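Given below, in the form of structure tokens, are the structures.
In the two complexes below, chain A is the common chain; its partner is chain B in one and chain C in the other.
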Partner chain A sequence: MRKYAVVFRVSLSERMIYRGDFFLSALMHFIPIITTILLWQAIFDGADVDKMGGLRYREMVSYYLLVMVSRLFGSMPRLAAGISTDIRDGELRKYLLQPIDYIGYLFMLRIAHKMMYMLTSLLAYGLVFWLCRDFLPQWTNPWIPLYYITSLILAFFLGFSIHCVLGLLGFWFLEVASFLRIFMTMHYFLSGHMFPLSLLPDWLHGYVLWLPFAYETYYPTMIGLGRMNTDQMLEIVCIQFLWATAMLGLARWMWHRGLRRYAAYGG
Partner chain B sequence: MSMISVNNLRKTYRVHVKPEGLKASLKGLFRRRYKEVRAVDGISFEIEPGEMVGFLGPNGAGKTTTLKMLSGLIYPTTGQVHVLGYVPWERHHEYRRQFALLMGQKNQLWWDLPAMESFRLHQEIYGIEDARFRRVQGALTELLDVGKLLHQPVRELSLGERMKMELIAALLHSPKVLFLDEPTIGLDVIAQTNIRQCLREYNRDEQVTIVLTSHYMQDIEALCRRVLVISHGQLIHDGPLSDIIDRFATYKLLSLRFANGDWPEGLDKIGEIIERSRPSVTIRIPRDQVADRTSELLGKYAIQDFSVEDPPIEEVIATMYSTATDRNKHQRHCDGGSECNNTTDSESNMANA
Partner chain C sequence: MQVRYGRILLRFWKNSMLRELSFRGHFVVNIITQLLWVAMTLVFIKVIYMRTSDIRGWSEHQYLFLLGTHMLVTGLFETFFFTNCWRVSELVRTGGMDFILLKPANTQFLLSLEQIDYSAMASLPIAVALCVYGVVEGGVQLTWGKTALFAGLIVIGVVLLYSLVFMFAVTSIWLIRQTGLNNLWFYVVSVARYPSEIYRSFLGGVLWFVLVFIVPILLVANLPANVMVRTFEPMQVAYLAIVSLIMLGLSSVVFNFAMKWYRSASS
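Then we have the complex of A and B:
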């Protein structure tokens, strides 16, 4: 598996070239958060209630801060679009000729990308979290750090496999970009990125929490907030693991089916 | 045993026919019309180890499609192919370790990184030992004279320099079979010559089997003893390049230089005059009349010098392509009743083509 380690190293040095971009984009990501927090402040003030969706104002703020951490692991910018362009433009050919597995290759590329991103955005995150230190949750349960980190790592696997599935749709549809845009908007909401899913009305709540997307952002964030007990945390990471495995299995299956189709049509 | 064996290979594509106009486009959303295009239409050939074969044909003749089938990127509709004993489209890792496909218009190198980084990546992907990697990479770098450019990001290289790097990347794992699709496209004469020389030496030293397509006849003339010519998906010639001239050149070029510095009258009766530059003249003469006409001229006029030459190979190839096209058209007209071309329309309800 040394070759995948080298893919990792080479893509790391490629990503280095974009370190300035990374730092800036990390900083930019916090701007919408500030407006969201101000908005919630106004809502809490105006509604004159203590809690919304089971969260106090302080918790609401820290929810959004921790969502940023979840996204740091689970978001996969340009992964799905990249796969579908590789398929459409015939770039895929390059990986079919060489003795290397495309999905494994993308995986190493993504880890390198994530590590580089985390490294360069460390300063930005540190700054914001330091400024907001009063809002951050106090962890009382000693199991939280372990489960939190596990669930973040699983969020990465889950995000990766879901986006692979989306990108591989490119085998069947020529133009995936507009579909991806619609999906990403839905995803913003369904993953709990837009607001905590506990705010949803009961009838919808149940369905949305069943979907894999909630396990990318919402659940890891709730663990980080300290809102889950030990049993719940264990259940969450187990389901995350199952979803990630299922999605990766789906991606593998699509890859094999898609290749047959690709090879029959053009290439 | 042959290195490459191709038997009755066919590839039919189904392409979506997009009619003109908005109304027709809307209709096309529900009912799509397809037509079948025979890209490769029953070709067979064998290539022995160490051979260097040129693959010629006009645009759209099926060259690239054939190369893609040989490298396992696409499945054929029918027919058998064995390369190094493998069926290419089963895409065994073992097969992929032993061949390379280089396409002049596609790149394998990482755009933002120096070529050396991509080479190192290839080393790992193909599992090349360090000593061998250094030897092969060193030799090729020297042969193509790109040592100074190895550590410069690929995006800063010129087209010719990039192509040389691509060639090195393709040869690093010492493939036994090399497919080259237009390796010299867009390159200047010097770079073309360099690449040709590299291929020739590589073929000689490593006994690599090479199949090469190119629109530059110099590439083919310089490298390939044998050429396969494909037109409309069918093989119309398999043999030495010179045979093409024997088969398809219907005339020769006779150049005369007159002793008294001027042409006599009535030369145009001998044959078509295609070039005059006093005191020389070039006349096109049918092949079977060359001997008669030459002796007639030599007897009649005071001639200082003369030569008989074949027409330029490009011209002969063009004649060959158009002959093949005419024959193909004729054949299609005679083939079927109401449907006179080889496309068949089919309709189906499709949502996801």
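Then we have the complex of A and C:
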């Protein structure tokens, strides 16, 4: 266990070098939010209804703000691409020779990155959320904070394991990068990043909500919005856990299968 | 000696084509991502217009036409200029600019047009299809005059985007390392995609004023779309044309000024 703690510490201090960069890029992330808020204001102003997909204007805006928080936990930039290049370029050898588990190593690395990112972007997020405080939901159900944090952490696990699976495809395919681009485009829609999935017509809604991607962004965000009752929250968290475990299991399995193929190349 | 720019340009395009042909996959992947993107956006627009009939005066078909126009302008810019602008900071950092300065032709010309990103062209037919759909379904009366003006405004828009982004890229001569260009472009794209009217309600219209009159990126897609499917405002057309020309001139002034600071890298 100590070696993973070392990985964590080293990458934590590595990240500290770029803290200035972090603050700026975290703040930049919010620029499209302004456009989104204005677009929804325009949409609601012209509409004949005061609710869309069950959300009022104020809730719609905070949906997009809370999506930023969900993505803060669930997004895994460069993870899948990193794994597939490690496989392709033979960099994987380095890790196989060390008494360390590759996925476990990536996991610690990612936690360190995430924690550092959250610490450095805290100021930026605090500022934006303070400016938008009138839009934010008031939690009436005392269970929300507990479930919200749990579902965000599970969103992290789920995001991590999905991206591991994608990266490990590199054992079988040379060009994972183009596949990733297509995947990320669809993910933007399917996870509820683009707009709340409750807006979708019923026939489409049913399918999309079954996929694991909704559990990365849409569901945690809806919990944060206070749109779910206690039973629903429990159910969501359970399904998140199941998806995350299933994906991690799949990643493990692919890892073992893949290594058998990988050994054949050497070099 | 007379420099034959036409022949240089042709040679550039041929070279880019040869380069592109070794990465044929890019074109296919771009087509797929663009198609997906359009499909997702169409779902979004359908979902919105199921609940409202106009967004700040834009009907569904007009909105679709605006999207097509936006794709057309940004697609053309990405095809002809984005890679080149992006390369400027790289050339400054590595000292590769020396070779371009030595050549007996206009440096800005060589810098701006050396590469064509043929794979970015993938979005153009889709953009045109969207525009045609918007016009046909919206029952717009087309005239040759309107269409010609539309085409002219697209070119003017591309020129404006080029001038702005190129000037931004040139600042890397002072800053040496600069990674912000991708981000900048992403934000320009995401801001200009929407009806300009939505920005009027923000900060008492200050942002709208800046984005329409000072850095008129909002007009780049909005104005041609307005001319074609909504109302024709001659003053705005003249304004955009003049500003684009001024910006183009300014980009050359800024570039020549910045070159005085260029000190080659290493050796």
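Points worth noting:
In this text, the second predicted complex is superposed on the first by the 264 of 267 C-alpha atoms of A that agree within 3 Å, B and C clash if a C-alpha of one lies under 4 Å from a C-alpha of the other, contacts with A are read in each partner's own complex, and residues count from 1 in each chain.
By our rule, a contact is a pair of C-beta atoms (placed from the backbone, for glycine too) under 8 Å apart; a residue touches a chain by one contact, two chains touch by 3 or more.
Since this is a predicted model, take the numbers as computed values, not measurements.
Of the two partner chains, chain C is the only one that A:F189 touches; chain B does not reach it. Of the two partner chains placed by superposition, only chain B is touched by A:K3; chain C is not. In the superposed pair of complexes, A:L136 makes contact with neither chain B nor chain C. Of the two partner chains placed by superposition, only chain B is touched by A:K94; chain C is not. Within the superposed three-chain model, A:L211 lies out of touch with both chain B and chain C [touch as defined at top].
Once chain A of one complex is fitted onto chain A of the other, the partner contacts of A:I111 are absent, as it touches neither chain B nor chain C. By the touch rule above, chain C contacts chain A in their complex via residues 25-26, 29, 32-33, 36-37, 40, 43-44, 47-48, 50-56, 183, 187, 190-191, 194-195, 197-199, 201-202, 207. Here chain A touches chain C in the complex through residues 25, 28, 31-32, 34-35, 38-39, 41-43, 45-49, 52, 175, 178, 181-182, 185-186, 188-189, 194-195, 199-201, 204, going by the rule given at the top. Across the complex, chain B meets chain A through its residues 13, 68, 71-75, 89, 91, 93, 96-97, 100-101, 106, 108, 110, 112-113, 117-118, 120-127, 352. Those residues of chain A whose C-beta lies close enough to touch chain B in the complex are 2-3, 5-7, 10, 13-14, 17, 90-91, 93-94, 96-100, 172-173, 260, 262-267.
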